[in-house]
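Note that the chains are named A, B, C and D in the order they appear, and that numbering of residues resets to 1 at the start of each chain.
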Amino acid sequence: MTDTYKDSTAPNATPEEREFEFRSHIGSIWTGGRLAIGVATFMYASLAFAYFYLRSSNNSHLWRIPGQLAPLYYGWTILICMLVMAGLGMYGHSRLRKGFTNDFQVAGWTGVAAGLIALFFQIWELVVLPFYPGSSGYASTFVAFVVMNIMTIVFATYWLETAVARSLRLRKELGGTRPELSSAHTARSFRANVSSMSYYLGYVGIISIGFFLMFYVQ
Amino acid sequence: MNNEPRHMRRIVTAWVIASVIGDLLWWFLVGPHIPPGNMTESAHWNQFDFNVLAVTAIPVVFMVWLWMGYALVNWRDKPGVPDPVGGEAAKAPYRVQAAWISITSIVVIAAAIYGTVALIGDHGSGGGEGPNPVWAPEGAVAANTAAIQGKATWSPAGHQPLVVQVIAQQWKFTYRYPAFGGMETSRLILPVGTDVVFDVTSLDVIHDFWAYQLSVKADANPGVNNVAFADTHQTGQFMVRCDELCGIWHGAMYNSGRILSKTAFMAWATKTEAQNASNTKYLPPFAWTYTPDANGASGGLYPDGNVTPYSPYDTYGAKQPAS
Amino acid sequence: MTMSGRLGAVLGLFVIAVGLIIWVLMGLLTPGTPEGVVNYVGSSAPGQPVNLTLQTVGTIGFGDHPTWVSYLARTPQGEWVHDTTWQLPADTLINVTIYQYDSGGPLRNQEFGQVTGTVGNYETVNGKTIRAFNSYSGAGVGHTFTVPALGINVPLIANSASTLCGFAPCHVSSAHQLIHFSFKTPARTGEYHWQCFIPCGLGYLYGNGGPMSTQGFMGGFLDVVSQ
Amino acid sequence: MTISAERPTETAAGTAAPAGPRRVSWTNRPGWMSQHLGTALVLAFLGYLLGHWWGNHIAGNYHYINGASGQNSVADFLALLLMVVGWLVGIGALNYPIAKLFGREAVEEAPAKGMSRYFRYTLDHKVVGMQYVVGTLLFLFTGGLLAMAIRTELLNPTVHIFNPGTYIEIVSEHGTIMMMMATSVVVGPLGNYLVPLMIGSRRMAFPRIEAFSFWIFSAGYMVIFSALFYGGFPTGWTGYAPLQNQAGPGMISYLFGFAVIGMGMIAAGFNIAVTIINYRAPGMTWSRVPMFVWSILATASLLTLATPVLFSAGLFGILDHVVLTSLYVNEHGGSSYLWENLFWFFGHPEVYIMALPGFGIVAEIVPVFTRKPLFAYKVAAAGMMGVALLSFFVWQHHLFQSGINPDMRPLFMLTTELISIPTGFIYLVGMGSLYKSKMRLEIPMLFSLALYFNFLIGGITGVFLSDVPVNVTVHGSFFVLSHFHYTIMGGLIFAFMAGLYYWLPKMTGYMMNKKLGLWHFWTMFIFFNMTFFPMFIIGLLGQPRRVFEYAHGLQGLNDFSSISAFCLGASFLLFFWNLMYSMIINPKKAPANPWDSLGLEWQTANPVPLYNFERIPVIVTEPYRYSEPGAPAYADFGGGGSDGGSSGAVGSSVEE
């Protein structure tokens, strides 16, 4: 999600200026990652608000038709895939910090695969819903949740994928130096990006558990 | 070398004089004419409240205006004017900041406390209080409960609250009088000297029942009972408008109502009840949703009932694919 | 470019831009809604009753919204037009004839089942006098003709035929209810809003979108002018 | 579509890239064979057609979607969605995100030369700023024209120019376009252009997100404008459900338009907030940040955090239309209150999104023209942040009469009135700065003083509105309408004008004509007050908002207001003429620092070089040290060293 670092191309930047701008850049990745979590939090908070508001007002006694429940197997599959993606992203990050780029790459690709599986089931779930969208407040918020979750999965998978792809290409660009060890700005920037990403993935993991409990547990 | 005029003294003097004059003028000349007037208890107190805020605001406005005007006249860049003080000498004095912050805080919190007292003391000030009003005139809630259960009564003797259901629909208000056989009329007629309970509801989108001179304003929400109170003081005509954008004819959604003496009201109500009897018998009992509603036969947008098991064809009525 | 050249270019572009914007805005603001006014003033001698003939049809069958329900008016010249603003003389008796071709159902608010504001507070449906109509009986009510500011409300009893005319203007040979009533226009001139109070905009929430929310279909003005 | 990214050419040591021929990306390539406004328009149009066809293909047979109404919401929505996607693809906004999938990084290249960079996905914050100037002015003039139409209709209480449906359409479009414009009117043009200059940075933190914010903003204009093709929407800018659910396809333009604009707001706020936090020049501690930057920081945080709620609310509304969920429909388990809560939870912070930048501009301008240090700098900063924080806790004051949580009204009355304390800080700062000053009444200063004049009326009437008993009478009436025009137009737009007159010499290199500026100021100030002050009285006398018919007795006041409004419109023509005259027809070169400002933005060369500063400045002292003999210069341009220059950036403490 962030622009991975490029040196300022100001033609006459001094080394000190480069270092200064580089530090600002690393700070931006840090701040940006946290702010992205803030944005997502407010989005999910409005969904949670809708959920609890409709649930407590129970208008026309139609918060939820008795027995109405989203397909549970799909829910579990999506939850587990998302947790796998989040866990592998964070695990990959910790391995990367210890110097094991290959572990990061394997974990990353697996995580991306998990994300894609989650995405597939999340979309397909709409086709097998046992209720129609306007049948109750629960059904409506569930459809809204699915749409929001699709956006989240797409975004998280995208971030993870770009990080892994970047690590592959970076190794070539650095002439064989491993990105986890290189002190090149691009490599350090890459690592900061992975760090922000792993925070975000952790957040996605928590969110997915919370909303699973709200929507799939009766 | 102190021929510098005493700016602060000048400004403060002018400000005090202007504020006192302004406040007095407002209180005695403008204040009594401020809407919504004196037709109900709430109208009276809301007018009073407006004037209290106005006499608080006038000194504030005058302070800023006088200050700016004074600065514009005296502290302009003209040839020969010495440079303003900079540096340490221009640091904002701490006591000025502290005084400003304390005074604004006190004024603001006092206004909030006063507003709360006025709101609670005046039974919600004529505003919509939701289905379970917390600040109600004596006996009004009991009367309303009785009306909802179909046991409303009203007579000119005594101090019985009158319950009126305000039904908003696109694009007209109608009024039901549970105490008079549940008759429904197009015009809002009320008795004087009575606590009136308005049960405001809507049959479709959000409207807002605004009885201007009564100082009553309550959103009409579909399926929700929004209760507001008015204690009528004077007879006369008043205006009812829709105050929430409700679609194309929102601007035409108004009519006038009237407050009559208790006996005249009773006469009107009895007569109208008899006149409308042939139609009243078809009306449902006191309710918040009439049928057909949003699901209803002719206007419905959503599929009727609940289609299970789910099938996009059943649900949305698409043509079945050829099998 | 010289200064006058730049001046000319800016002014020229400005004029073109303003023209374009106004043309686009004006063109877009009024699509597909009939704007015409049917003039009944002078269709009879001053002080004499004026005849106003209308029809209501379930699907209008032409225009931008062929599936929408609509009122139509017959001009004094006898032509059916899709306009809902009618110019009437002030302080004059209006004899209204409505051919009601549409089906119906129960009223959402039975209040509108009562005939008010007409001369004698009644209407005649196929010759039968009605003062209040139980909309839960028979085929219910199809539409109403209501002028809130004048206190006029006339329920138009539904057509119970199994096949309905679906393309306006309907011929009188199609099944219909024939409704007569009279009312007096006010002495004070102005535009008085009238509308139907049956939620008959099918496919819209509460039935009040679409034709109910577009002038020219189920609502308009009585433009009362001095004669 | 071709990917613009290319393999970076850095060496492992991370030193400067070696010179050499570089491929130029499609967004920067000269000539027609590239990505620019034209390709964006073409692809947007194609996307629109494709979406319409697609929607009709998949949902054309669904009875409940298009049976009786004859309208296919799926097609209407997909058309708009693909229009926006086509627009973004065409302009090149997606090149980089796609390149990233392959692990590539874009090289930051100098933008295309000449005028064409203004029609491209250009990453230079100064170009984006200028694009925003044109974009917001387009919004402003469109909304203004609609306002003229509204006032024309209100000339007579019962004789109508427009039919009521058209009138509601005009009112709704006016409100929505103006609100969308006002969220970005300062943050977009001035924020993007000036923030890096004022914090001594060579760049924005995320230039692509910044460019994205502009192009999605302009896509939002197309979407909201498209409502006119569909017969508009009847709900006003607040879009209350369930009227929203009842409305036709124009409503989808409204909902999707707000969602799209919301994305732009999030993107713009996100980038600017991160930039301010991280890219401040060495030595620029939080107590040395210019007041304008403070205000933009407060605004950017509100944009980033409040707008997602709007986005969700819009998404829910779209779902209600397109797949027939019932989130806002009581009869199906939804709630119309839900929209009111979500909308105003965003809506009230949004009000301050529209007020804070104005405060920032005047706080920036006043010291320059009074030749005095800003009075009580810390109070001003605290005021901005205090307003921003409190604005999240007041939203229910829009719903005092709605029946939602009526027993909470005292609390919201309190929080609402508390917000006037930090707002009062702004007045303390402004009025204190005038004390014994040496005022120069240049045009920007006049507009700034006008803000204090107008906003005072707007703010004080806000206290009236927040008082529940008084609110019973004034809620939803012209009183409210006048109140928020006094704060938004009298505050923000006046400040925007102040900012334009003040900074255009920096942004374009040409001075605005002072004589025309005086005419513009005085007509705008006088006719603004003549237009909107009577509306307080009109509202008190019982005229609700958004009506096309009103009491006969109010015709005099309404006509007065209408005629003043036409004159106010004419004063905007004067502004437009001044802009054209001073910038194009008869440009007069501006001095390097025409107002003798100490601000950092005036210290760099004019026109501003691509990388803003020859050397990254080191901030050595507080801003606004006017009239102080022997005061050090605000910034030191000599060394460019970064040692000891902790700008508060998270910097090296960050785990990599």
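Structural remarks
Throughout what follows, a residue touches a chain if its C-beta (ideal position, glycine included) is under 8 Å from a C-beta of that chain, and two chains touch if they have at least 3 such contacts.
Owing to the predicted nature of the structure, the values given are computational and were not obtained by experimental measurement.
Here the chain-to-chain distance from chain A to chain B, counted in touching steps, is 1. Relative to chain B, the most remote chain by averaged C-alpha coordinates is A. Between chain A and chain D the centroid-to-centroid distance comes to 29 Å (mean Cα coordinates, whole Å). Chain B and chain D have Cα centroids separated by 31 Å.
One inter-chain figure worth recording: chain C and chain D are separated by 42 Å, centre to centre, where each centre is the mean of the chain's CA atoms. Averaged Cα coordinates give chain A a centre that lies 55 Å from the centre of chain C. Looking at chain D, residues 64, 67, 164-165, 234, 242, 245-246, 324, 326, 329-332, 337, 549 sit in touch with two or more other chains. Contact of a single residue of chain A with at least two other chains is seen at positions 59-60, 132, 134-135.
Chain contacts: chain B has residues 204-205, 223, 247-249, 252, 293-294, 301-303, 315 touching two or more partner chains. Taken together, the chains touch in the following pairs: A-B, A-D, B-C, B-D, C-D. Partner chain B is touched in their complex by these residues of chain A: 59-60, 65, 128-132, 134-135.
On the chain A side of its complex with chain D, the touching residues are 2-4, 6-14, 16-17, 19-21, 23-32, 35-36, 38-40, 42-43, 45-47, 49-50, 53-54, 57-60, 62-64, 132-141, 143-144, 147-148, 158, 161-162, 164-170, 173-175, 177, 182-186, 188, 191-192, 195. The touching residues of chain D, counted against chain A in their complex, run 7-8, 10-17, 97, 100-110, 201-203, 205-208, 266, 270, 273-275, 277-279, 282, 304-306, 308-309, 311-313, 315-316, 319-320, 323-327, 329-335, 337-338, 341-342, 345, 610-611, 614-616, 640-643, 645, 647, 649-652, 654-656.
Listing the residues of chain B that touch chain C in their complex gives 167, 169-172, 174, 184, 186, 203-205, 247-249, 252-253, 255, 276, 278-279, 282-284, 290-294, 296-301.
By the touch rule above, chain D contacts chain C in their complex via residues 64, 66-71, 142, 145-146, 149, 158-160, 162-166, 169-170, 228-229, 231-232, 234, 242, 245-248, 329, 549, 576, 580, 584-586.
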